[in-house]
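Two complexes follow with chain A in common, the first pairing it with chain B and the second with chain C.
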Partner chain A sequence: MSLLKPFSKLPGLNTANILLVEGEEQFQQSLADALVEETAFTVNVRLAKSLPLPLENEESRPRIDLVVFIINLTSELSFQSAEASLKYLDPGYFLGKVCFMVTNARNASVPTEQLDAVRKLAASLHCPLLFAEDQTPDGVTNAAERLMTILKVAAGLVPMATSLYLSSLTRCTVPLDIDQPSFE
Partner chain B sequence: MAPKKNLLGPTDSDSSSVSDQSASNRSVNRSLRVAEKERRKNEAEDPLVLALKYFSDVEAGTPVVGNDEFENNLVLVERAAYSKGLSSEAVAVMLEFAMSLRMGTSPCVRVLKCLIPSTVVPQEAVVRAVVWLGVGKIPISTQVLFIKWVLTVFDMIDAKDQLRSIYGFIFSFVTEENLCPFICHLLYLLTRKESVRVFRVRKLLELQSKLGRQPFLLHLLSLYKVFCPELVTLSVPSRMRSGFRNHNSPWKSALIAVQKRNGSQVASSSSLPFTIKDMSSSRKRKHGHLELPVLSSLVNKQAQTESFSRKLVPLVQLHSFTQLLENMHRIELPAQMGSLLGSSLALQYLDCVQDESALLRLNFWLGYALHEEFLFCGDGRASQNSEEALQFLDKLLSTQHFLQEAFSSSEAFLYKFLSVWDGSLLRPQILSLLSHIPVVPSAQIGRLLFEPLMQLFFTSSLFFKCGLIECLNNMLLKWLTWHSVYALEDDLDISLNSHTSINMTLSGFKDSVMELVHFVGRLASVGLQLEGCHSLLLSFILDFYETVCDTFLRYGLPLVVMPPPAVFYPVLFSPDPVSVDRLAYIMYRYKVNLTSAKSQEKVTEQAFHISRQTFREFNNYVVVMVNCLWNSKMFHPGMGVQLGEELLLKSNVPQYWTSFDLVNHPAFLSYAVDFHQRCWPGRKDVDLNSIKHSKPWSWYLEYLYSQGYDGLKQFVPAP
Partner chain C sequence: MAEVKSGERAAAVLSEAAQCELLDLCEDQFAQLEKLQNEVILCEPDFGENPQEQSINRLIATEAELKQWLAVEPKLLAANSEVLLQAGKEEMLKLCSELEMVASCYEAKRDKLRETKELEQKWLEQKNQVLIAASDHAERLRMEKETLSELSVLQDTKAKIQKMKVYQERLMESLGDVLEKHVPLPQNEPSANRKKKNIELEISEDLISLNEILEVLMNKVLNTPHDPYVTIDNTFWPPYVEMLLRYGIAVRHQENNFKIRLETFF
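And now, the complex of A and B:
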């Protein structure tokens, strides 16, 4: 078992590396296509089904600046696989270099408990939780843009900002149930 | 149609207009009938007609298993239903067949599932089917399925009067535990004031003690309470789960598909003079305007009897504002509350009458629709109907704009939607809906609004950031306007929303406003840092502070909040002169507000108290600004920005204390050079320091002020 470490390698010049982890490989590819369109700096997108990453490419693999777990709420498996992958990350990643991206949150077939579970997971790890509309091209572009905002900070491309700083502003909180009737 | 025509008055001209209308209706009916006959002739050999004939004539007790004739006919009907929908007669025949259990229970479910009406559902058929429920042979699950079907097609039932008259009969099913949630929903849709009776309330309360505080019971009870507050003493929670959760997505998506297909066909052929489908071809049925054809048939019957001097007048019959005024006291609301959104007359009515039951029903419908469409989508529907969603939200927005207040259901929806929003879907609509929400109590504002917004703000693009700041500025403007309107009526208690009874004290309101201003201050501080003080973002932030600096004088709210240093300094040192000028204007307005507050404090005893801290902050900012821009005393000890002496010397900037005055400030440098050239045209080498001499300096200031920098001029008037 090998841990992925955030600071074991040197960063490249004007480069940001992002790792998209998705068990079902549905959204990964379109998101990656949208991500590499950035022109201001080089974006390397790595895709994985789950962690740990295979040992064979260990040497050639660049330093990963941001790990994104994509969770499809309509599938229980997708959540479980993300949860299982988490333990192959170095604790250093949880200082702002991990985020969760959820798809299908507005779907009728999603039980509310499923979303709550993801929220709890993200909140307990102090990570941001982003929602994405993977069905529409606009939604994909927007999701890529938002990941890019976080990635730029995580890769050190924004002066005066660190990923830990950003994550203290964006991390997920578990909301109390709004549905709960309040008896005044 | 003449705007002053009164359909109900006794004069001659009026009665002629009635007959005119009924005549035109008759002719329409005739042409409809002709078209119908034509169609019948064509369809005489249609297999579908034969299939329907089979179902209406088949004898009770015919076996289902191995019955090929039955199977073939049912497949035919199903195919027709899913492709074009069933005509109203077909729906009646099939419903009667299914509910009578002529061939046992197994085909019943199958038939119910394919009952997709193409136009309307005849009321008689539904009433008959409800009667079959009472016979008691139908399994409970099938009964539930039937009621769900009624709920789904409720808006398409051609009239509701007979259904209302069997209200008591329908009510009796409430005791059936599995049916109860659905029956409650149906009753909610049918309830009128006359239907609220003591024994029904008692029954519901009894059920509630048995089943617990179920949302469906609470909803029905809250409607009863609105109609007859004296009968329902129960306290109903103010914030309830929105809507009944009876989602019938398979039917619904089939219905939408059928309607879409039919809509396009109608548009292409347009054979009938006017059709029901015309009304709903582009939009979904429930988002449509007042459904004229359906309601007018009912109206005509009444018009013929001419004996309704004390009866209610349906809203559809009114065509002008004068008519509305004359019949204000006896208006009957339409069966579909959503149709109110499309009619400005109806909105006018809502606005002046403040009818609690109408608003409650409208809110209920709206909450349900919003929830279904945006939070509870079926597979792939999100992308499919975005055009409809757009139109729907625009309509809602224009309604809220018209009423100048938000619906509580849209507010509740927004809180939920924000927590799963990706920040781009329907962004303009969502942000403007958001800017309409009424004042949120300061205890909840953080959880409901700030937390989701903060997460979105810091992970989104620059344009989203600008959009959100603009939205929050509009929200603040609306809150302040509400305050300035309602605070006049009463000094301390302001009821912020004329319809709902959210009363808020002045201090509570001030707390909320303060929370909002501080929140935007935080967003702005960090946002500017992350975006490298982008001038577009800066401009939106300055817009916001232009609202904030004037809260006392313009809106009469005794509250002054200064911008945080992380906003003040980036603007002061920004390389674009317009921002610096706007900052000077904002500081000037702060000064005017603070001095007038202070002078009022001296005159009247009970004026509000502004904390010393605010004055100290303001004075500090003014000193920094004047020292930096006018007096060339940057980095003077005791100012906001301090740097070590040796560090400044080390930087090797000559005369570092002048580097941000009006001559050397990066924003004004080009003006200084221009001025220098005009003042001393002959000089070859530019010496900007020569502007600092007293004569040229005053000329220079005048020159700057003449370039349109009124903010600077107001902040430090020319000597």
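And now, the complex of A and C:
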């Protein structure tokens, strides 16, 4: 078992590296295409189905600044795979270098327990939870922009801001009444 | 990192000396970075797995960061004024373009608000007109109410009653005229038959006119509304009774053939 560590390698100059983890590989590619359009610095996007990452290109892999777990709410499997992958992350990542991105949250067939489970997971790890629309190009651009904001901070490209500081403000919190029965 | 980056970009248009200075600075920074990196790798602590320990880690890390921020001293990017000028210029240009965007955004917002304002003003004008009309109406009503005293109401009513009386008088008169002209009291006609004339005279002695029949009927209705029927006696000339019944002016009693009453016109 090899942990992915946030500080195991030297950072590149004017470079930010983001790792998108998605079990079903539906949203990854379009999101990656949107992310690399950034011009002010180099954005390296790495894609993975799950963690741990394979050992063979361990050497060529840059330091990962931000790990994004993409969870499709309509698929139970994508949640389970993300949950399983979390074990292979160094705890240092959870100080602001992990975020969850949920897709299909607007789908009416999604049971509310599914969303609650994701929120609880994100809240227990103190990570931000983003919602994205993966069907429209606008939604993809939006999601990329939001990720880029976090990535810039995580890669240290924003003076006077650190990822721990940012994540303290943006982390997901579970509402107190999440376990209460709703009256609907 | 950020300092290094911005310094690097500015170096493109700087003099050789300044560029050298910047590069030295960058190298210093990078050396420091490498040193720190090695330290980090060497003293990588073993984090706990469960979320509670992670919360503690987080707390410790945040506190450490806070301490660092409190201790940090703001320092110049570089001592060289040329570098500073260049960096400042760049920042200014960036800020300018950002501010321009903000300005155009606000201009658009302002235009939209202006449009909304015009629309609202139009509405307000309409509402005001309605208000003026309504208050005018209210004022008029109030004036009317003020000028209306008890006396004037009384006089008004009196005048109305007077008018009604006159009207009734006229109706009665014209009724009388019509009756007098078209249905006179049966009298001796200059008929040829003497005998027949005698018989008629005999009958017509205590006959009453149609006028009087109607009067009897009307009085009966008004005086005893519960029993409006009048018994037909020999003072009623049968043709008249027949006529009243036929034209629906009078109605016969359902059980007693000799009783009639005025049709309920009211």
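Here, the second predicted complex is superposed on the first by the 175 of 184 C-alpha atoms of A that agree within 3 Å, B and C clash if a C-alpha of one lies under 4 Å from a C-alpha of the other, contacts with A are read in each partner's own complex, and residues count from 1 in each chain.
Note that a contact is a pair of C-beta atoms (placed from the backbone, for glycine too) under 8 Å apart; a residue touches a chain by one contact, two chains touch by 3 or more.
Since the structure is predicted, the reported quantities are computational estimates derived from the model, not experimental observations.
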| item | value |
| --- | --- |
| Touched partner set for A:90, first chain B, second chain C, both or neither | second |
| Which partner, chain B or chain C, touches more chain A residues | B |
| Partner chain in contact with A:75 - chain B first, chain C second, else both or neither | neither |
| First, second, both or neither for A:50, with chain B first and chain C second | neither |
| First, second, both or neither for A:106, with chain B first and chain C second | first |
| Touching partner for A:15 - first (chain B), second (chain C), both, neither | neither |
| First, second, both or neither for A:131, with chain B first and chain C second | first |
| Chain B versus chain C as contact partner of A:173, first or second or both or neither | first |
| Which of chain B and chain C A:30 touches, first, second, both or neither | neither |
| Contacts of A:7 with chain B and chain C, given as first, second, both or neither | second |
| Chain B and chain C footprints on chain A, overlapping residues | 158-159 |
| Complex contact set, residues of chain A against chain C | 5, 7-11, 13-14, 41, 90-92, 94-95, 124-126, 156-159, 162, 164-165, 168 |
| Chain B residues touching chain A - in the complex, by the definition given at the top | 213, 218, 235, 237-241, 247, 249, 374-380, 382-383, 386, 412, 415-416, 419-425, 447-448, 451-452, 454-455, 458-461, 526, 529-530, 532 |
| Footprint of chain B on chain A - complex, ascending | 105-109, 115, 128-133, 135-136, 138-139, 141-143, 145-146, 149-150, 153, 158-161, 166, 169-173, 175-176, 178-179, 181-184 |
| Residues of chain C that touch chain A when the two form their complex | 1-5, 8, 33-34, 37, 40-41, 44, 47-49, 51, 54-55, 57-58, 61-62, 65 |
